[in-house]
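Chain IDs A, B, C and D follow the sequence of writing; residue 1 opens each chain.
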Amino acid sequence: MTQQNHGNAHKFGMVIDLDKCTGCGSCMVACMSENNVPFKEDESNKKDSITWMRVYKLTNGKSFPDTDVCYLPRPCMHCGGKGDHGHSPCVSVCPATATDYDYGTGIVSQIYTRCFGCRYCMGACPYHARFFNWWDPKWPEGMEEYLSPDVSPRMRGVVEKCSFCFHRYQAAKDKAYLEERDTVAEEEYQTACTQACPSGAITFGDLNNPDHAVHQLVNPDPHHCGRPRNPKAFRLLERLETNPKVYYISEREWVRKAGDNYLDGEWEKAKMKKTKGHE
Amino acid sequence: MKVDRRSFLGLGLGAAAGVAVTPATWKLMDDSSIWTQNWPWTPVPPDGEVTFEDTVCTLCSGNCGISVRKINGRPVKIEGTTGHPVNDGGVCLHGISALQYLYDPSRVKSPMIKTDDTWKEVSWEKALAHAAEALGNIRKADNANAIACITDNDKGTVSGLFKRLTTVLGSNNYYTMDTMEKAWATTIDAVNGVKAHVGFDLKNSDLILSFGSGFIEGWGAPVYNFQVNARRKTHGIKLIQVEPRLSNTAAAADKWVPAKPGTEADLALAICGVLITKGLYNKKAIQADDPSFKAFAKMAQEKYSPARTARTTGIDVASIQNLAMAFADAEKPVAIAGRGKGDSAGSTREFAAVYALNCLAGNINAPGGFWLMDKDPAEVWPSIEMDAMATQGFARAKFVETDTVDSLMAKVTASAKSPVEALLVYNANPCYSLKNAKAVTEAVKKIPFVISFSSYMDETTQLADVVLPSHMFLERREDVSLTGPVPLDITALTRPMVSPLFDTRHPGDSVLSLAAAMEGSVAASFPWESYDACLEAVKAPVWKALSEKGSVVKEPVSLVKKIERMDFSLLLNDTAVVAAEGDEATYPLVLMPVDNIRLTGEIAASPFAVKTVSDKVLKGTDSFIEINPETADQLRLSQGDEVTLTTPVGSAIVKVNLFDGIMPGVLAMAHGLGHTMAENPYVGGKGVNVNALVGPVMDAISGLDAAWGIRAKISRV
Amino acid sequence: MDSALIPKGANRCPFPVFATGIAVVGVVLLWGVYAMGLCWIKGLNQTNMNDYYGFALWIWADLAVIAIGGGAFFTGLLKYVLGIDELKNIINLAVVIGFICYSSALLILAIDIGQPLRGWFIFWHANVHSMLTEVAFCLSLYFSVLTIEFIPLILENRQVDKVPFFHNLSHNMHTAMAVFAATGAFLSCFHQGSLGGVAGVLYGRPFAFREGLLIWPWTFFLFTWSAAAYGPCFTLLVAKMVEGITRKKLIKDNVIHLLAKISGWMITTYIVAKIIDTIYWIAVTAPSLGFSVMDFYTDNAFYGIWILFAEIVLGGIVPAVILITKKYRENSKMLLLAIILGVLGVCLNRWVMVLQVMAVPVMSFDTWALYIPSWQEVATTILPVAYGIILLALAYRYLPMFPQEKELSTEK
Amino acid sequence: MSELEEKTENGSTDSLEMGVSEEQKAEGDSGIGAGVLFFIAAFAVCFLSGWLLFPNLLYSKKEQPFNFNHALHVEEMGGCDSCHYFREDGSFAGVPKLAQCVDCHAEVMGDTEDEAVFVAEYVEKEKEVPWLIYSEQPDCVFFSHSAHVVGAQMDCVSCHGHIGESTTMKPYEENRITGYSRDIWGKNIWGFKKNSWDRMKMDDCAECHEKETGSKGACFQCHK
């Protein structure tokens, strides 16, 4: 399967323009609403709050009035893993194959009915993109009426995470099959967060398709597992070789630097190298 | 045969072996795991046909177009309508959460009457009769003017019906809640002597100079502005934010100018002064020899010289001059005001100063500028009938001169016996959203009879005597006019997306049935069979387009044709300076309420929205105050410390959040927490309502509430 | 009352005293069972674990008991495979401890998973790439082996042994024990290793991640080695404790010293490897991922560099030196100190490899996550201890666990 | 304690031991015999109930609201897709809704008792028929009919069997533990199947996928 599908495989990914993001939280709520994410009375313990899409607030660490703030939305990165072979940090550790890497789409699945709740995948994920259902999901009386049938509600004791709204791909494919088309158009498959973002900061599409906006925005380097060639783009924790499919763009240097860990002086060196490389 | 333990051993082993070679064990093992995959208490949403239906969101004044995704007619998701002039597919977190408002546990599910502090669900007939009787008694006592009515604004037919009801009952005490639009309108009226609706053509501007507006934090039409903000990167629109705190807008801005709190007007005037001195204003737009302009110019140049203003604002002279130069150099600059989301009014002096900047730039009614729009409500109302009681009541003086609920409440507070004997409240929650909310609550308690038309058991409704619950917006058809400061003139029609869940009514129908219950001239003034009939009749001029297309978009918008005068003499008035209440010696710090896009005001935020709120704004049931680490150091406070925050108005226990982006000496606290709805523990009972800590300051010019903060002190608990 | 069950010639306390002791520990056990029940019925919300701390206190306990239970496989290996016959005098104890530790580990795993009824998916839908799958398979297989190793000892109970069938079974099993011991040692090497691998393969967690050999990170080998090294320490510690409580000498000193010496040399080699691993990690692995070593030990209220010092010096070098030096080893106080430090050292290592891994932030804008277990977690973690004490007490009372006991008591 | 221990040891252990031992010996012979007997008895009972009783206990039987004659409808209407159609968005409509049936059955058109019930109880009362769906998959499954029917050109029979030829509706059997229709696991309690439509478990999907596409497919192909 792996080999077979590599030729015409899609690689769905996301590009988030951090200069456009205002931290408004639409993406978070669009995601919760689209994916039947439950909520509890108290959600202020963020270490125990299911937010497939979470917006982090980053500060540049400088004091008044040189302070700067940037919001960074963090969905599941759908890592390709080392060498982009599909051994994502989480997929490779799941003992029961409850999460797998789809070589046809590059999407990391999570199957709630297979998961038995060992939470090893959560420990493996450096992005904290995975959430455990510590509680039975519960909606106030009558509110379960708004639940969508496209995403199955999770039961207590299993892990869940962002699926790049895979059900929307399923629906788009359904339509394509009926219309006897082979492909799904770029606009036919968009995630709920992309669609909702009032700033248009999120772009979603096939990174392998040069016609798609995501490809054009970051210009992924196929020889380096999709590393962005756009100097303003970066991926979170690039150095861990998790090879995420979520890219960020920012004009602000401190933001790009915050995307990874650097020893003292390393960033400056890396920057020099990068500029040289682009000359 | 003797039965001993070996027999039992045999029995056990035999049973085990017997079961092992049947399918039972294996099937049961499989089935038990399948059982966990289908726990009966985990909901299974029914599948079906997907459809989309469009309506308009009325949670704020932005009026975004929303598309409701339905499964077999059951709404499951809210998305932005692609191509809608306000939001073009985008949608804010509150709009997306609208279905949570539909199923909100604090919805009032049927009419209710309160007797001896306990609520009782009653029939509509009974509730209406009860309300009609109370109102009738006041009228019979020749005191019709003691009936007051509060609505959110005076736009649209439902507000029109409330205003009409108040009038025909015999009262001129109809009030609307303060907003920045109201403040802008007053300012424009004072300066130009025209009635206009303000719109900013930000999309086509190239420099936005914002004086404390939460431009991307819910100001005006939030999604519209998000999209303007996103255009900045591609269209080279610069944003400069004047504000003492690094808000999200300030963070997104090209330049952040942290002026001391409350000195925004000074800075704007100083910039005016520099522009005038350097002759960098639009000569065509300004008649330089006009005596009133001369007086204004003199004041701006002298009293607000960069040197003097540098001291007041904390912004150095060079920066002030650079700001002025940037404004002058821009081709299409625009200055905006209206603090935070603009949910409250503000200082007329501040609005006027900012307006003066726009006038100097000559951008009034220009592309990319400041538009004075002439919006025709396109409504035809039949004449009213007033009986003797009504005529007599209406002839009396209004309780307070200005149209502000603050003043009304202050009047009630000040009087031994409430002059208001009955209060009708629709789409407003003064007990929560007005400043000094505790005093307002006490005032409302003094009013003998309160009728709430709310869909929710909010703070004001909790104090009511009768609730005539309304459908929430997804359950009703209603015309809505865009009131946010966007350069658009749209009247839209909301449509029922779902049949009403509870025994509620359309507020328009509630007014009609209340009027019918009053009989006589009151009933006669409402000749329609139903609200729907009323809507169609009143909106007759645009009904065809409205009902067919769902909205009437006037394009191009009509602008105020002629501006006869431009008089900024109101700025010469020193008393217009709005200072923070409290003396500096007792209260060394300044507390500013700040708006947070993820929280709402009047109606509490949804569970989803509250879930997104940072744990540095709300943790458990604790609110946080932002404080500069330097100030915290002086007070020996560190992150998470519990402190008592005291202002001249009240005090609360809050936690400390160190934030480098706030000016030393200033405290910031988020609006929108501290709702009390017990029925909705997902949002109620969390944090502190900052409105309970800040008192209103009546603007010397407009009479609207102009408070932007209050002096405060903190001490460790 | 129960004297008919007590090994012949063994001296045991009166039944009421014994029963009282068991009852006291039983109360603790019941408390643990109650907490366990809560976790099963109400779910893992009974714990203070969260999405950052998906693995917490009892997984540490799990890893720790497996490490210190490593005495069983290693002593078995020494006795049955390498033929160090003196160790037959302590092998029974090692096996019982192993059995207790491994059954506890399995129980903890059954409580730890969010969907216990789906636990068998790990076997049925196994992902062969996962270290946890390897752990589950080897752990359950080795537990079966331990049960087989434990059975002959049970069969030696005075009453059971009288049944000819059981007597013969026991005898036959004894003769085949070398095979089981060898199998056990093999399986043990793997699951101890794969438990080490659990943390070491986390390439998204620079604090835990280690390079390695083929698919196995260095932690794989370090865990196996450390279990072999420190396991006997725990066996010795339990022996000393049993001796202390019963106020009897049960194992001859030469046996103790022999095992201590072997353990000492194992610890020595292990700690050398661990130091090399740590230096490589500090100098190469972590910096290549953008971390300097102090990033892992600063900016938080608990995890300081002291923990690395405690693990390597106090829990490694000190016991190693004591145990390999004849003079120190044969000084009973020094010996006791060494085995206690050893046991603590290996437990600390497991703590670091589970809990500190979860605590260290990886994204530059993330924060340290510290956590305090709930009482349910504490009770559930204590549950195996109580269970272990009871099982050990029963085994000691009714089974001929210490072959030298009789001889030693006559000597006295 | 050690004093007490010593007392016990020097006490009556020996004599006690003798007693017990004698007694046990006496029991021993008959005990084993009884054990074997009990073993056989228990084995037989459990074996038989596991095979015969268990499958019956596991499933509850439910009748459909009224009988539906597929054969008759196929004859009148044509192929399956005349009632079980695709919506424009590519989704599969499944069991027809009342509105669809009413197109023909606004009034009674035949003379069967079932139709009379249908018209009286459902059409006139505008109530959806609560059909029990034999092939209902659990919530976690996303099954694309268009991928199979249009994409892979499969016929309905491959998965649903010859239901189109049936004249009566068999009782719906529901697994009491899982709530699944028995058709998912299959009639055979071991889950053995003869025909491709005898079972509808994931393994059956995977088997066909492996054969036809060379891979079982990624999880998200069929899960949601």
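Operating definition for what follows: contacts are C-beta pairs under 8 Å (C-beta built on N, C-alpha and C of every residue); 3 or more make two chains touch, one makes a residue touch a chain.
This is a predicted model, so every value here is computed, not measured.
*Asks:* Determine the shortest chain-contact distance, in steps, between chain A and chain C.
*Replies:* 1
*Asks:* Counting C-beta pairs in contact, does A-D beat A-B or the other way around?
*Replies:* A-B
*Asks:* Taking each chain's centre as the average of its Cα atoms, which chain lies closest to the overall Cα centroid?
*Replies:* A
*Asks:* Roughly how far is chain C from chain D, centre to centre by C-alpha average, rounded to an integer in Å?
*Replies:* Those two chain centres are 44 Å apart.
*Asks:* So the centre of each chain is just the mean of its C-alpha atoms; given that, what is the distance between chain A and chain D in Å?
*Replies:* Chain A and chain D have C-alpha centres separated by 37 Å.
*Asks:* Distance-wise, how many Å sit between the C-alpha centres of chain A and chain B, to the nearest whole number?
*Replies:* 33
*Asks:* Find the geometric centre of each of chain B and chain C from their Cα atoms only, then give the gap between the two centres in Å, rounded to an integer.
*Replies:* Each chain reduced to its C-alpha mean, chain B and chain C end up 61 Å apart.
*Asks:* Taking each residue of chain B in turn, which ones touch at least two of the other chains?
*Replies:* Correct list: 32, 35-37, 44-45, 47.
*Asks:* List, in ascending order, every residue of chain C touching at least 2 other chains.
*Replies:* Those would be 115, 118, 121.
*Asks:* Can you list every residue of chain A that touches 2 or more other chains, as numbers and ranges?
*Replies:* 45, 49, 97, 112-114, 136, 149, 152-153, 155-157
*Asks:* In the complex of these two chains, what residues of chain A are touching chain C?
*Replies:* 45, 47-49, 56, 58, 72, 82, 87, 89, 92-98, 114-120, 122-128, 130-136, 155-159, 236-237, 239-242, 257-264, 266
*Asks:* Provide the residue numbers of chain C that touch chain B in the complex, in ascending order.
*Replies:* 115, 117-118, 120-121
*Asks:* Spell out the residues on chain D that touch chain B in their complex, using ranges where they run on.
*Replies:* Listed in rising order, the residues of chain D that touch chain B are 27, 30-47, 49-51, 54-55, 58, 87, 89, 91, 93-94, 138-140, 175, 177-180, 189-190.
*Asks:* Could you list, by residue number, the parts of chain B that touch chain D in their complex?
*Replies:* Residue positions touching the partner: 1-19, 21-25, 27-28, 31-32, 34-35, 37-38, 40, 44-45, 47, 49-50.
*Asks:* Once bound in the complex, which stretches of chain B touch chain A?
*Replies:* By the definition above, chain B touches chain A via 36-37, 39, 41-48, 69, 71, 74-80, 87, 89-93, 96-97, 99-100, 102-105, 216-217, 222-223, 226-227, 229-230, 233, 246, 248, 251-252, 256, 258, 501, 597-598, 607-615, 618-620, 628-630, 659-664, 680-682.
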